[in-house]
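Each of the next two complexes has chain A plus one more chain, namely chain B in the first and chain C in the second.
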Partner chain A sequence: MKDSLLAVARALAFVVLALALCGVIFEFAGYSAPEMFQSIADGAFLNPGAWEGSLRWAMPLFITATGVIISFRSGYFNVGAQGQFYIGAIATTFVVDFLNGYPAALVVPLCFIAGVAGGAVWALWPGLLRVRSGADEVITTLMGNFIAGLILIYVTGGVLKDPSGTGQVMASRPVAAAYRISSEVGLSPTIVGAAVVVGVLMWVLVNRTAFGVLAGLAGRNSTMVVWQGARMSRLGIAGFVLGGALAGLAGTIEVLGPNGRLVSGFLPAHGFTAILIALVAGLSISGAAIVSVFFGGLASASLYLPVLAGLPAAAIDIINAAIALFITARAAPGLGWLTARRRMIRGA
Partner chain B sequence: MTKAMLAEAPTAFALQCRDISVQYGEVAALVGVSLAFAPKLIHAVVGQNGAGKTTFARVAAGIVKPVSGTLAIGGREIPTGNVGQARAAGVELVHQSFALPPSFTVAESMEFGAERGRPVFSRRGLEKRWQKHLENLGVRAGLRDRIRDLPVEAQQGVEIARALVADAKVLILDEPTAVLSPSGIEKLFERLKGLKASGVTVILILHKIREVLGVADTVSVLRGGRLVEGPIAVGATNARRLSASIIGVQAEKEIAADEAALVGATAGDALAGAAPAAAINAAPVLAMQRVVTRADSEGPGLEEVSLRIGRGEIVGVAGVEGNGQRTLVRVLANLVEARSGQILLEGKDVTKTPLSERRARGLRIIPFERNSEGLSLSSALWENWSARQLLLGPALRLINPSWYRNACDASLKEWDVRYHTTMQAAGSLSGGNAQKLILAREIDADASLIIAAQPTRGLDVGATAFVWRALRDARARGCAVLIISSDLDELFDICDRIVVMLSGRIVAEFRPPYRLGEVGAAMTGAH
Partner chain C sequence: MEEFVIATLRYGTPLVYVTMAGVLAQRAGVWNLGLEGLMIIGCCAAVLGLVQTGSLLFGLVLAVALCVLASALLWFVVERLRANPIIAGLGLTGLGLGGTDLAVQAIYGSQATVNAPYGLPRLGPYFGDFGVLSVLVAAMPFVVFGLWALLRRTRFGLQLSASGEHPFAARSVGVSPARMRLIALCLGGVLCALGGAELALGSLTIFAYGMTAGRGFMAFSAVIFGAGHPIGSAAAALFFAIVGAIGIRAQLAFGDRVPNDLLLALPYLATVLGIWISARFRGGAKAASSFGELRDY
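Take a look at the complex of A and B:
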């Protein structure tokens, strides 16, 4: 626990470095960096009601990020959270749309099950391709994101299309009030409860079960656990499916909660921000809880900047990109590869 | 070789270093070593693992920069830690683990080992260019063969040929005999004597006294990074004296019984192991019956391998590396499929049983690759230690990590592992301690069959003696032990029985007293 918090602190130091780089970029672009950071801080945390907005974004991001953590820890680079999130949202919308009129006590649980199952299925096929035939999961899950995005366009423009829609935005019919789990604000006992339950369960899974320890070992050296008698295919599939299920759950929450309907191309960066959270948190669940609030704040600020401060929302994209850059540099697999390469050439 | 001959040597030494010290972090690898080698002789540098031999070779070749000291080649001082300068002065090093790119052809390896390769070349041009060179050295390898397809001995030949493409005056070989069969070693030594006759100074890093006495003109002994003695003419010393100075007086008592085997000073005969007490008649712990596997990237397939190991018996597998030993271990671990035949563990057919279940029945494996198959280096000690037990129950059961940490702590103390905390990464342990961590995990009260693959490779004398003691203790408790090693001294010392593998078959079986000549002949199929 202490170790993982230390790792988060170290990662946050890199975030500070990234912010410094962003400051330089802002200055060159003709904005005042201090003013920009002040506005971001205001929009994220300091203004009245800002915390509410930040937490609204933090909850689903945290849920998806825990899934990413499970998958990464077991050694599979499942970068398909975005697609799994979409499929979860789509499955939820199908259920809520076709069961419209049935009692909420039946429909809402079914929506959750559908979202979780949809996300899980969207992670299952790259998982099977990986463990059965060795297909690179980075490629397959990334492709899965594109396919899911296109399916989203297809269903919101087709079977799920809201006939009364304006035509400018393709979207499903609004979810009936009886099935909503939160208002537009996006913070409700159901959503906070779901995030807390997921957080606790995943923390226990990672830190207090045989699976968690073995998956951690497998993620760092799968050969070793194979020689101990573990079946990597099972561990791997479990990691994939769990990761997808949690991203799907976040999709359900967005549709039944703050969004209230399924919009074509909504939240296109959700899955990637979740990956960033997982990496900044050093693949620790407790760390991800803190880091999610930070990134939730940034997401919230990106809405605040153009509307109330008259500053470009792209500033938040720049910050996210810079953080991604520095976190990747910290891992520096390329550096190790380069030196090994040089050694080999020199020896020859 | 006599002292008089040494005195006649010209004053310009082929390679001379003065007061060399090398520091790796907090570890002093070499401390004030001064050595001078006369030209046109074969010099041996000996010592245990960790004595600083390889570091010395790397300093001499300009790969490692010492913190202090000077290096002179042929009487001319050159800057230390500069490979280019060292090579220009005529020093070439053949690494212990071969360094040629596996995907290169032999001709390509030669071309790009040359100091100034041409910017444009044709395949045929390359082959024409290097044909003669290889023929002169008596290396039998096709110029078009890829390095990875060559047998070990040919690979080493190509490595040496590569080192000699430039006008090498000093050739350093780091543990060249480790991968060779006894007859391959003889051929290597013939080749080195030929080089000596043609005016090359050879420096051999070795750890076996028998080999030193067989080929070298002078010998120098390193211990704990310091020069103990040398270079002295081999005629002026003997096996007893050398082994005493390699091991040192203090360690001697602890390992007295195994001393000869540890320094490779056995004449090759005798050494009867403790005879197993009528164990073989009882039902065997392991029985392999005509097991056949497919060949794959890691080695040849097994061809009708049958092997029985009884309770309280240590059986050794000898053989030149790459003759199916790895496949043998992998088929026992169910990591490669047996196409036909049967594997019985404690009388139960486990041919189709997954590894987890075989382990639950008492199978334990100390794998070949300590750092990849044995341990997850970036994971904590307690996680590495607990892995076997964690796999025994359902994956989702709740565990208490602090219980495992305490149990790991107690177990590692019992096995005399030197560490700071069970939370530290396994990669921070030294080779000997890392191996003890694996032993602590694999040798427990429930073990019935222990497979130890190269269990002492890279360990110093103390750690090696420790591993042997652990395996003998396991035998005393009634375990069956299968040990795979390329070190015949090791096998002769602790095995009750030795089988020899060649091209995926078991071709011979020996019982004590072992004779080096017979076992060596079986290893190369020359009997």
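Take a look at the complex of A and C:
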């Protein structure tokens, strides 16, 4: 308990440091930093109804983040959540587009299966390249993100294009009302239920099963796991596929839920934010549930800023990036007592 | 054919400069995934400096200064705060992309691109068809061979390589690996600034949000593909450039018959292929198992 409290204090200290850096950048660019932070806080949590928006963004982010946690815990840096999210969303849209007219009880479950499978496939190939050949997964998954982004542009401008759409935004046909799992508010029982089920299942998997324990060890000491008789390659592939499947599930939820259609280049920061949530939470599922709300608030504020406060949404990207820059720090000059847990991610 | 060579050099030159920055960092033992962010800072600072003051020199100096500053920040975070270089590098990349977006919006409002009045000096008619290329293209081979000579033929270069390969050995002869990493990252910052300036002002004269489009990550892959050797990595970067140029040619040749968006994915696919091939030949698993953490011993 004391350990985890220290870990939280440490994470908070570095988040504050990151926000200070952001303040400097805002002032340097000619914005008032206090005003910027005030507007962000308003948009995320303080304005009436802001909480609803934050929770709407937190749900899919939490689901993707649990996938990232599983991948990172099993010892691999799968940073391809964005691509896996896109492929899941694309697969879902294909199903909903081609089965249009069939009963919802058939189409909606198939959509979920397609999204999960799509995300899993997009994580499987970097996983195989990593485990079979040792090809660095950081680069292959990053390249996978770019390729998935181009596939998204291709399908929204081609096969899945909405013929009645304007030329400015390429998007698929809107999902028929019968198949939608939520309105634009995005807090329907289905979505909240999915997030809760995923959270509970993943918590059990990580903390109460042999797989979770072995995967957690694999991320820190692979030699020991091999000596225990487990197969690193199996754990690794399972971690990749599960991570991809969960990112794909988030893609399905976005398409059938609040988005209601597949839009070219939608939510470009989703995967990166999910990785941040996983790291800020110290790769703990229960921690990620809380941290998701914070980052969901930031995501919600990035829509609020340009429209209502007249400030650029890039401010949110900068805050996320600055947190990424500092969050894995293990030492702080003069803050030695905060680094009780020396290595959050396995060291050399 | 000449057109194809020109297209390859246009695509490849910024990539080679940034790849050299990656080689320096890799040699010193830092996995620099911030290259993408440094490159976009270089693009943006060069164009904004030029547009705001009308002086190309000021633009270049601003680009170099900001890239070196950002590199030093990355060094502080990974060396002094012991952050994970991969995540910190991705953070720096995000900071570069977001920061340049913010800077453009702060100065020009919601405008997406900034046009510069003119670009880098060209080689001129003396070089025939190649005269349209910028002077940085001609300087590229000298930079690559210069870096090779620095790393393999000088005491400083060997000390720098030792700091990455065997920090304990470096320390035992009185070399500070931490300082070597700072120097390597800052020199890399200069190269990233030049690469960014070449991308924005070499053949185009424009800054657009996200114009680096993953080139920094490609450069990082070229470093891995080329095993951290300056000439091998530069060759890998040019290979990616050839694939990119083939994609551009194919768009012109086939028009609407092949999907353009999928042709744009060719360099990314080539990068995956390159990483896979180099891992198969060298057993790359060892390199990544440390998650890119800095080595002290």
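Definition applied: the second predicted complex is superposed on the first by the 319 of 348 C-alpha atoms of A that agree within 3 Å, B and C clash if a C-alpha of one lies under 4 Å from a C-alpha of the other, contacts with A are read in each partner's own complex, and residues count from 1 in each chain.
Simple rule for what comes next: a residue touches a chain if its C-beta (ideal position, glycine included) is under 8 Å from a C-beta of that chain, and two chains touch if they have at least 3 such contacts.
Computed from a prediction, not measured in an experiment: that's the story for all the values here.
The superposed arrangement places chain B and chain C next to each other on chain A without a clash. When the two structures are aligned on the shared chain, A:134 is found in touch with chain C, with no touch to chain B. By the touch criterion defined above, A:216 reaches chain B but does not reach chain C. Of the two partners chain B and chain C, more residues of chain A are touched by C.
Looking at the shared chain after the overlay, A:150 reaches chain C, while chain B stays out of its contact range.
Taking the C-alpha centre of chain A as the vertex, the lines to the centres of chain B and chain C open to an angle of 70 degrees, rounded to the nearest 10.
In the superposed model, A:312 lies in contact with chain C only, and not with chain B. Judged by the touch definition given at the top, the superposed model places A:224 against chain B, while chain C stays out of reach. In the superposition on chain A, contact is made by A:31 with chain C only, not with chain B.
Look at A:207: by the touch rule set out above, it reaches chain B but stays clear of chain C.
Of all C-alpha pairs linking chain B and chain C after the chain A fit, the shortest spans 5 Å. Taken together, the two structures place residues 346-348 of chain A in contact with chain B in one case and with chain C in the other.
Chain A meets chain B in the complex at residues 3, 204-205, 207-211, 213-214, 216-217, 220-221, 223-231, 234-235, 238, 344, 346-348. On the side of chain C, the complex with chain A involves touching residues 33, 73-74, 77, 80-84, 86-88, 90-95, 97-99, 101-103, 105-106, 213-214, 217, 220-221, 224, 259, 261-262, 264-265, 268-269, 271-272, 275-276, 279-280, 283-295.
Residues 83, 95, 99-101, 104, 109, 112-113, 162, 333, 335, 354-359, 365, 367, 369, 372-379, 383-384, 386-388, 390-391, 393-401, 423 of chain B are the ones touching chain A in the complex. Considering their complex, residues 25-26, 29-31, 77, 79, 129-130, 133-140, 142-144, 146-147, 150-151, 153-154, 157-158, 222, 272, 275, 279, 312, 314-315, 317-318, 320-333, 345-348 of chain A touch chain C.
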